[in-house]
């Protein structure tokens, strides 16, 4: 079946996307709950709203780069990096809401993971072009290297 | 033709995406028009800007979940749910701009539809895994059930 | 190889997506740098934050319409229009940060390019439906016309 083989190559990415959607719903519910309180311009409302906006600003970029990396090279390390990104995002969101006397973390987060996924995309495209114009296919090597390198993302 | 069969499975999703892009342009034009007025910090500018931002925050999530549901399970109910979502979003946007004495609706909207699409994705992935590891394919049953269940979204 | 032929039809779109992600990172870094300054409510912070938000609001719409146009009709003019859009976005962002005595540009930008991509999607879907129900395939004509028309985007 054609449709089934299409799902074969992306099902891990779909699972990570589903988890990210659940996390978005969790963030949105936090904002919703702060919205319904009486006085809106409290610091806690501003914090949760700002944390949610920063996460949502980065969300399309993350989705685009994860799917490109998964489709162009291989899905397992891309989905693994996606899971790590979601954990970092959860930590960022919780850290943003923290004690109001603390300073908030910056605007960006998960730079290393986005960089890793970008590198995966570039490798995949490069390999495809090599394969097309020179006939040499290094896909297996790059996949092995990427699988090994994705473990480096676990370093704090 | 390979490209034509690829379009076969997604053309309804593409049509819904096009309609959503037109709707985005409509929202953006409303913001643009308020932007060009003289004094920017009127309540009406804040309302239209906030309504647009809430809609845009939820947009990537909606696109991701609709496409995943359409690709993993079947496109017709996913596109139908997408159309209903766009109607709900239109109503939310108009309701947000309403009388300034009214209270605004909350941050989230269309929760039921996003939930339905999420469920479709989970069913599709689950069916794919069952099919892969046990060889039993319930795709036809799930498609029939999903088609019937999508009519429930019409309930107010 | 199945996966390789899948990449064949989208690799230009992936390259444009990668460039757009790099541009997003550039915008985010500008915001990050303004964030870390001492007093946050300066006009320059508001400008860079607003410019970034306007760009990010339009980003999922752009990605969705570029990918639909590339998949439904042909990837070369879609990727070309994407590159032009990124140049327009760069100019918009830089123009937004300009002299604080100048007025800022409006909320929308790149309307002509988004319109062109939308038209490509509609042509692609229309051609697919014609091909399916009447058996007449005008894809080559539409591709030639689109390739020629994409040069019009270079007009200022």
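Note that the chains take the letters A, B and C in the order they are written out, and that residue 1 is the start of every chain.
Definition applied: a residue touches a chain if its C-beta (ideal position, glycine included) is under 8 Å from a C-beta of that chain, and two chains touch if they have at least 3 such contacts.
Since the structure is predicted, the reported quantities are computational estimates derived from the model, not experimental observations.
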Rotating subunit B so its CA atoms sit on subunit C gives an angle in degrees, to the nearest 5, of 120
Over half of interface residue numbers shared between subunit A and subunit C means same, under half means different, so which is it? different
Taking each chain's mean CA coordinate, subunit A and subunit C are separated, in whole Å, by 21
At least two partner chains per residue is the criterion; list those residues in subunit B. 60
Could you please specify the touching residues of subunit B with respect to subunit A in the complex? 5, 9, 57-58, 60-61, 64-65, 68, 71-72, 106-108, 111, 114, 118, 121-122, 124-125, 128-129, 131-132
Subunit A partner contacts - residues on subunit C that touch it in the complex: 2-4, 6-8, 10-11, 14-15, 17-18, 20-22, 24-25, 28-29, 31-32, 35-36, 52-53, 56, 59-60, 63
